[in-house]
């Protein structure tokens, strides 16, 4: 997930593979083209179908009415802002909980890594129905009345992705040696975490952020069972009113999520490019 | 995910951490207890609430009627077997597609790993609503009429987990050297894949299998949007008829999934224990 | 060389080395005793190597000294002050690690300046100091490079500069050369030793490579099973090992079975005095421990021993001769060795009439090594 | 030793070594020429080492020979037959890799038997053969151990047995010792060499460690930038290098600037003959390349050169003396060196009146190495 879109496309289309060989290259190119084509078809055909449907009216003719109608549709703006607030709260909770925990476990309780691996897979293994029914029954009343109960559920749901990202990031650096080097140079725990550990987890944190946002902005089951009209729930409900508008919203939401991700990723890339440039000048 | 439950509990409760130290141990024990307690509470309280509700009747008294009623409820058996068939078909499709692809990419097109990383994250990033609406519109009619269209969707949904498992497994072994060793000893590609690569991916394959099964048996949104009554959809629908029975089914389904996973994991463990024992005899 | 001396002067970094004492260290992991009553006294400015096979406790000893491991019992003093309870952060010890330990997110200069930053030194001051230290290790031109842009050898030199930047009381080196290529290793070995002598900083160096320990250290402490086997200068360790473990671990030895008669033994037909190895003369059957340079061979068609192996070492060639079923290693000048064919009959004799002995080993003396 | 000979006989594995020829190999990655017209002819049963710094193309050459890399041009023949188009699977070359390459899911015996299984040998037959090979490498007692239960040295010996089990026409060794500890490395080095001599199998060994190459190989091919710099016996390479690259890469040299006068140079006040290094006598300023054993020192209070560095190597001690601002390395017998203090004034002289020269180097001769 490190540095996403532009690099990847570049790599896949232009770059020389690590083991090239003049004679081999055509075969490799073919394979790459096939993989790209299949992956592309798998994902782009549904999106294309969705886009075309968004720009059609009931008669099947090309039209912009569905896109234009979005902001004024009843309930849209409430659903949109609810989703946004949930995304921010969930992200903050998740990072504050998971970053120190996974660093601590990596460093001091490596035996617990397997346990955490298992614990964080549970949300995938437990059927969502069971989870939300259980949570709804177990939560105190004041929390059950708040949409932020959903945030708590989303924190659980995002744990597998977030923990795995952080775990991979922490495994990729020699955490123990870096921390000990910092300690022996006089760094306290806070300095060590902030100046040494976190900067070297940038990709992992980025990936965790992207996944959490995507999850919260796309989740339907929990929200609908908890009876809060988040954006995906609104899309589903509104489909019965006007399928074209509903599809247009889902397309816009998809594109919005992508833009958000691209923004975060390109911030990261410009950061590392600045680093690179500064270096080359020397 | 390698070797799950018993080891983990053992480790967490009994085992000596890698960096012990007499004075430190109490502090570590405390931390471990806190982590275990919080994790436990987070997951067990909802499950406990669900279980209690399953064994209650409408009057709030303890009763087994809900559990007893399950098999005879209308539609249950059809939903159960539909979910099972979907699980098997999805698992088979996923493994056949992903194992050779990820081995090939690791070995010959390492540059494409980043692309695959990105492609396989898409199903999480794309809101499920968009995905299913798109797929439904894009699929040919004969496929749209079949429940196995859901399997195709589930293959996409399980890709992030399955690819990440396989990728981690492949990165953990020195794939290139092992394959070259096999080749230089006269192994052809099939022999190499079957006798050298796959046996050393056992944990990764196991983890991929568990995740795929759990996903298929718990997925609600796609199935309900595609209008097939899988087990989770049935539970949801039946909740309006009898909430106790519905909760009981979800509990039974949770326990069933766990039993399935435990079975697979313990098969793996007995395998490796046999290996270990054979060795000790020598 | 003059440059180095100058650089030292400008940094003002000539801390009088600290006196370090490790007393009866014990450290247990589960049922394993990593340190089992290990003691060592280090003079100010001394360079001591901890040498031993893996699992002998040498790394644990270093980590106890650095403050990364707690003790079950025993104590660590620096200049007479007990530091056992002080955390690593406040021990003022510079450490260079085995694996590359530079902070990947900082360039070389900021890596070196990190310790000064933690000590809240002013930015210009710490940048100047870091620059001087980069000069000291000869990498001024790499100041703005990031770790991944440097070779392994360069990274370890930056790590050395970083450890020295805080003007530590003790310098700790945890196998800093083991990840490097043979050529770079040899170069860096000399550089570390020269810097250490110039700065007169008390230094503890952990290694499993006896060549490294012998060539760099003032004194070498050979460890085994969590204890010090022998602590001595390289020359003393090599020529007067006090235990057979040390005799075999340090330098290459051939074992030749001999029978003791009145405090002397007969070796290749000559009577030799016994230089005791294990404390006191062992009872029962003995082996003579022969260094390759303790033995000489001459071509002799009538002799029974024959040459089974030759390997070129540069100025000398190592020849293995089989004498009554025992493999004896001999170092011969390469121009002489050129005339000795594989299979040639040779006469074997001892150079010195003074041999090390140890208890008879149970391992098969006809092994290929 | 006798055991080894027996083991060889019972396995029936005494394949006549193959003659291997690499002709004008070229291999490009992007714009990098990993192999740039590399040629090498290997006699049947010969042990040839490819020696060079990282990136010199030595590993690529080995992988081309094994069939893991394709060629841009050039050809590989084994016993006169062009094998360039044959896949690795059918080349019949046993390979031992740098990293541990045993199949983790198989025990030692099954690892060794894998090649035979691929050749569809009968189970009992291949188990017997694998057992014999385990005996050959001295690990019969490890037959049912899994790789993770064995030490690095044991794993590489099993890997060697596995490569030999298929009775390969050529044995390829890709830095098989580089991941091992110094002590184990030295032992395994001897064992590999002895096995190779006993089996008379043509062997190509890749290494960056000149000590390893010189001590093991019949001939050493020093590589640089994808080409062979010099291919010769270890002794010839050491005493008569044909390029200054070889002279400096093989063995340790001091460079001392000298002025040529009528085919001779004056070195430490003595007139010496020139033994040419780079083909033909270079024009312009020259450096004499001196091996540590080519130089002698004696204590002399009136002399200007002084000792800056001493490191104990065992039988000898390496002393660095500074002569007119140039560091000169000298090997001195350790008992003699004990009397030479750091800073002592010494007289420096040459042992042989016959010196290697090369073009004057641009690097600073006062470097600490």
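Order of writing sets the chain letters: A, B, C and D. Residues in each chain are counted from 1.
Quick note on the criterion: a contact is a pair of C-beta atoms (placed from the backbone, for glycine too) under 8 Å apart; a residue touches a chain by one contact, two chains touch by 3 or more.
Predicted model only: the values in this text are computed from it and were never measured.
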| item | value |
| --- | --- |
| Path length in steps (a step moves to a chain that is touched) from chain B to chain D | 1 |
| Most heavily contacting chain pair (counted by C-beta pairs in contact) | A-B |
| Inter-centroid spacing, chain D versus chain A (mean Cα positions, whole Å) | 51 |
| Distance between the centres, which are taken as Cα means, of chain B and chain A, whole angstrom | 20 |
| Chain B residues counted as touching two or more neighbouring chains | 19 |
| In chain C, residues with contacts to at least two other chains | none |
| Residues of chain B touching chain A in the complex | 1-2, 4-5, 7-8, 11-12, 15, 17-19, 28, 31-32, 35-36, 39, 42-43, 45-50, 53, 101, 104-105, 108-112, 114-115, 117-119, 121-122, 124-131, 133-135, 137-138, 156, 161, 164, 168, 210-211, 214-215, 217-218, 220-221, 225, 232, 235-236, 247, 250-251, 253-254, 257-258, 261 |
| Residues of chain C defined as touching chain A within the complex | 66-68, 87-95, 97, 99-105, 107, 114-115, 118-119, 143-146, 149, 159, 162-163, 166, 172 |
| Touching residues (chain side chain A, partner chain C) in the complex | 173-174, 177-178, 180-188, 191, 195-196, 199-200, 275, 278-279, 281-282 |
| Residues on chain C engaged by chain D in the complex (per definition of touch) | 1-4, 53-54, 138, 181-183, 186-187, 189-191, 193-194, 197, 208-212, 214-216, 234-235, 238-239, 249, 251-252, 291-293, 308-309, 311-315, 318, 320, 322, 327, 331, 334, 338, 342, 366-369 |
